[in-house]
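Following are the structures in question.
Each of the next two complexes has chain A plus one more chain, namely chain B in the first and chain C in the second.
Then we have the complex of A and B:
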């Protein structure tokens, strides 16, 4: 109730403000409206930087594209094939957003191949190229040996920019003379954008962005397509700056290329980082603080310093102009925020990640994993698996023939055959470096095999991207746990459901009944899965804060959420104590027994792998050296030689005698 | 000028520009090799190198062209003083701004580096003002072809061109010797390959990183001094532009690869000189950045670098 009250008060305040301003004669509406445009830009940048984790250093390019789309299409002055159309503002604002989104895809396209800081440099490059291009395209002359096919062509207005630009027309609304309609126009656009962003954040698309930000490979292996997800982030982020740029151009009535330089990109980045990347409230706060600082604090402090200078008679202070220091302060601000509060003012407080593998043993001792219960098995999963196919079908679920993969001169996999009958648990063992994980990576699409066939449900998987393979029905876990650390436990599992959900951008924003129902169902299903693996009470914890054993089980829950027919587990019991390993064995057996789930298991715990596997394949130096039942494998001379060791044989004999 | 004279002249231009880019690019590539950070502020250390060297000349009372014995005493002294100054600056930047973030996410130090770059640029702006600063013509300029060889040619080669090459090449060779032949260099290469393993082998990783920033800063300072003596002009924003071009050079050579960075620097030098002449100076930036983008997208390991598989 108090929340609703606060919202009502906020809306009332925003509506009353311009009139109060006029009554008091403050004349701040213009400046506040300009500030809101920058906040809107920062919110758009937040989609790219905060949600998808892609550092964009050239965001001002999108701002420029939005402004120039408006300027060129809506200027009444003739002089270029591109401009002088004087199209309606209301049409141009949508065109500007569309053009910006298109450019977002163009600039985003290189991200398909580039990661992290290289991507940042590419965006910086585009951010530099766009103003250069705008400047130079104002005066094009091409001369080839005296022949001039193009002479003094002016496409963009060059250094002088575009001037004037038409204003929006609404009957009876004085956009020409009064700042208040502008304020409301920007307020409405800003509020609508915020509303849309909020809904996107809480949709399957928002979760996919964050999953990509946290761990791109793991996201890919959980069914999130990194390519389309990143492109969408770029396109949507750009489209919001298209709105902001077009309103900016129309409000100012004139634009020049100088307004879209690198500094603007950095100021916007400051807003996002200061407030807290990924937090809408934080970005608004950061945007307001920086605008306030830039427009008010620096100017007022200059007055104050000069006053101090006059009273004390220090000439240096009288002549001081702190507004010249603004970029120095922005630089300092970026450094201080990153050093002192990297999550920003309103961001989630995150402790630095514990060093990998530290104290793994301690952590496992701390919690007792509850034994898996058949009745806790989610009904929907049982239902889904039953539809997926029957254990009695004769075709194997996975059939790998002659799989080969080389790294330079090293043959990591050498013509490996492996068949998993439907509903079977197959163990994959071998010494370290035998190629087990390489085998997993080839089956899940992370590595392209150099030769051989991989058929799942009778269809070839070779050449498919990992997320497409997940959609076909193969899920995996990782040897070194790869969760989405800064997402909640529930969100981790929901990302697993990504490839089974269908909401698109309009769906996520408008939320038709089908999307609402789908989302509610996904949440119920995810909670049931968490109850099943024993994490029911921790749904809202951050994944990074879970103890080790819980993280392992969360990874399995996330894999199950993709509704797999085949589950690949890479050393699931690594770092577990015997009791926990036993619980895990029970869990895998139960999944197979109750759901008919097929499992391929890499394992070093011999009790685990010998206890639950129907068949075992042994790899050594990339070659399959044995295949058979656990009993056969335990007595196979080549396996004893390469992996189990002579001692193991004697242990086994001693144990048999003791029985 | 005949067409071939234009080409020769622009190629010489490119060589001198490239030498400066190469020195800056080495600092980028060394730091990236060792802590995987694009040290965005590196170009601005170069810019400050120019201003600091100017201050050293002023401090030593040099306001006009050096002659005779001054060339072999004062000039080396200013080289050393400038390089020490920028080396100390670069180390201080690392200690204050980057070191606290060693274990944080990869983007955090990059954002910090951008912040540092802004601070340095605007500190220089407040220090020297927005107008271009005249750098005294301390190095004697003699037209070599005409004065020394009596050749009457439109091509213009001066002793300053010799200075650029004569100062750059020994620095690069010294660096190469240091990295490949000394214990320190071995520690640097080991740390660049695998920081944790290097630490386990008893290498003081933090001291190695410090050494890397020190050398990178020194090279950037030398580049700033050379730039000042050659062009006799300096401006607060020149570090940003030169830095980006040098970074492009480092990427071209395969980032982390030192001979690659040097070659890349010369390549970008030639390219920008030719582009200024044959296309248009106003498009040169766009062309350099297009190359940067194309290389990053299609050969992210550079033209010389090796492909490294992603760790899973």
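Then we have the complex of A and C:
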């Protein structure tokens, strides 16, 4: 109730504000409207930086592209046929957004392979190129040996910019003389954008962006296509700046390249970081604070300082202009926020959540993970797996022949064969550095093999991207846990379901019944999976705050959410005590028994491997040195020599005698 | 030598340590065993000063540690092989090891110690020019231990040294632990492999949800019902 009341008060405040401003003679509506344009830009940038984690230092380029799209389409400079029509603004704003989105993809594409610092440098380059290009495309002459196909063509207006630009038209609304209609136009566009972004964030696509931000490799191996996900972030981020740019151009009626310089990119980035990257509220707050500080506070303070100067007779104060110092104030503000609240003014706090501080939890904690229960196994998973095929089928689920992979001069895998029959649990063991994880990376598509075949259910996997391999039905966990740390436990599992969901951008924004039903089903299924692995009560915790053992089980739940036929587990019991390892063993066996799941397991805990594997393959220096049943492997001389050690042999003999 | 008296450590509002008291005498191997999340790693972090206790005192050879910065503590002669192999991924194996000796005053002792590490882990010698990040998980574990040894500490903190190592290397690593100890290094060992840890240790502490629930000679702990059921997985 109080929430609804607060929203109503906010809407009322936003509607009343311009009239109150006029009644009081404050004349701040212009500044606030411009501020909202920058907020819209910052919100678009937030998709790229806050959600997808791609540091973009040249975002003003898209602002420029949006503004110039509007400027050139809706102005007489180029003789645009659209200029002069009453409704052309309303058409051009969509065209500008489309052009920006398209260029977002064009500019985004070459940056896909780079991350972090390198990506930032490339975007910095684009941010510089666009204003320079705009300046120089005002006077183009192309000369090919005396023939001039293009002579003195003015494409962008050069340094002088584009002028005039057509205004929007609505019957009876004075866009020419009054700032208030502009305020409402921008408010409506901003509110619609915010609504769309909110829905995108809570969709399959928003989760994919965040997964990419958190760990691109893990996201790829969980079925998220990093290429299309990143391009979508660039395109959507750019399209919002297309809206912002075109409104900006039409409001000013004139644009020049100087309005889109590097400082604008930095200011937008400051808004996002100050408010809290990834938080819509924070970005709005950051954006309004910075623009209003710049346009209202600094200007008013300058008047005040000059007045003080005049009354006290200090000439330095009379001539002061605080707006020239804006970068000093921005810088100081940013430094203070980063020191005191690094997550931004309204960002999600990444510190551990407050926990109940009672002593009653001692017993449960000491017991570690609860034992897996058959009746908790989600029905939908059982259903899905049954459709996947039967153990009686003769084709092995995975068949690897002659797999070879070199790193420089080191042969990490040397003609390795490995076959997993459907529904089998196969162990992969060997000394450290033998190539076990490299084998996993080759099967899951993270590494391209130099030779050999990998067939899943009879079809070759070589050359497929990791996310495509997940879609085929192979899921994995990682040796050093790779969760999406700053996402909730539930979101982690939902990312696992990404490749089984279908919502697209229009679907995610408009939410037709099919998408609503799909999303609700995905959430129910994810919660059931969490209940099954014993994390039901922690769905809303951040993954990073989970204790180690819970993180391991969450990784397995995330892998199961991809509905795999084959599960690759890389040292799942590392760092667990024998009791915890036993619970894990029970879980793996239950999955195989109840779901017919096939499992390939790298493991150093011999009680685990020998206890559940049907067959074991042993690697040493990239070569298969043994293959057989656990009983055969335990007594294999080469395996004892290279891997198990004499101590293990003695223990085994002692155990045999004890029987 | 090392003494923790009623140490309470918090992460935010979470009480990770709820009054830990333990002591390590010169020349000892002392092991700390317990389930995941019990507070073993937090205890090591508190000793090294990467987290601060809210209450209680940590003393080392009579000096209070809980007000010193981590680099000062390391210079007093404590080194750690951290859990999760926090090696320097873009530096070579050799550079990683040399950095371990960064705070050492005796330059001439470094070369023999490097030899000693290579003798313990021949695999590291094979990979000496490789970047740390390109090593396999188990090799990184060897490197982390080797780097800690290079500091020639008087007290060595080992956090799950056997994690991710093959059975044959687990045997080796515990033999190494005893070996280092015989050469005069005192060791505080945190391990999931409680059986092996208790075999090499002189004394042990059992930690549950931030409290010491049991401490005794290692041999006695190996026989105790609680340890056998909870940490050795015996029925």
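The rule is simple: the second predicted complex is superposed on the first by the 609 of 659 C-alpha atoms of A that agree within 3 Å, B and C clash if a C-alpha of one lies under 4 Å from a C-alpha of the other, contacts with A are read in each partner's own complex, and residues count from 1 in each chain.
As a working rule, a residue touches a chain if its C-beta (ideal position, glycine included) is under 8 Å from a C-beta of that chain, and two chains touch if they have at least 3 such contacts.
Note that the coordinates shown come from a computational prediction; the quantities given were computed from them, not determined experimentally.
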Partner chain(s) touched by A:331 [first = chain B, second = chain C, both, neither]: first
Partner chain in contact with A:437 - chain B first, chain C second, else both or neither: both
Chain B versus chain C as contact partner of A:129, first or second or both or neither: first
Which of chain B and chain C A:118 touches, first, second, both or neither: first
Which superposed partner A:407 touches (first chain B, second chain C, both, neither): both
Touched partner set for A:578, first chain B, second chain C, both or neither: second
Chain B versus chain C as contact partner of A:110, first or second or both or neither: first
Where chain A meets both chain C and chain B, residue numbers: 352-353, 407, 437
Chain A - residues contacting chain C, complex: 351-355, 357, 361-362, 365-366, 368, 407, 429-434, 436-437, 479-480, 547-549, 571, 574-582, 604, 606-607, 642-648
Chain A contact footprint on chain C (complex, rising order): 11-15, 33, 35-38, 83-85, 123, 134-139, 141-142, 160, 163-172, 192, 194, 208-209, 230-233
Interfacial residue positions of chain B with respect to chain A in the complex: 36-38, 97, 100-101, 103-112, 114-123, 125-126, 240, 244, 247, 251, 280, 282-283, 285-286, 289-290, 292-293, 296-298, 300, 309-310, 312
Complex interface listing, chain A residues touching chain B: 53, 55, 57, 110, 113-114, 116-118, 120-122, 124-126, 128-129, 132-133, 135-136, 217, 262, 266, 269, 273, 324-325, 327-328, 330-335, 338-339, 342, 352-353, 407, 437, 441, 446, 478
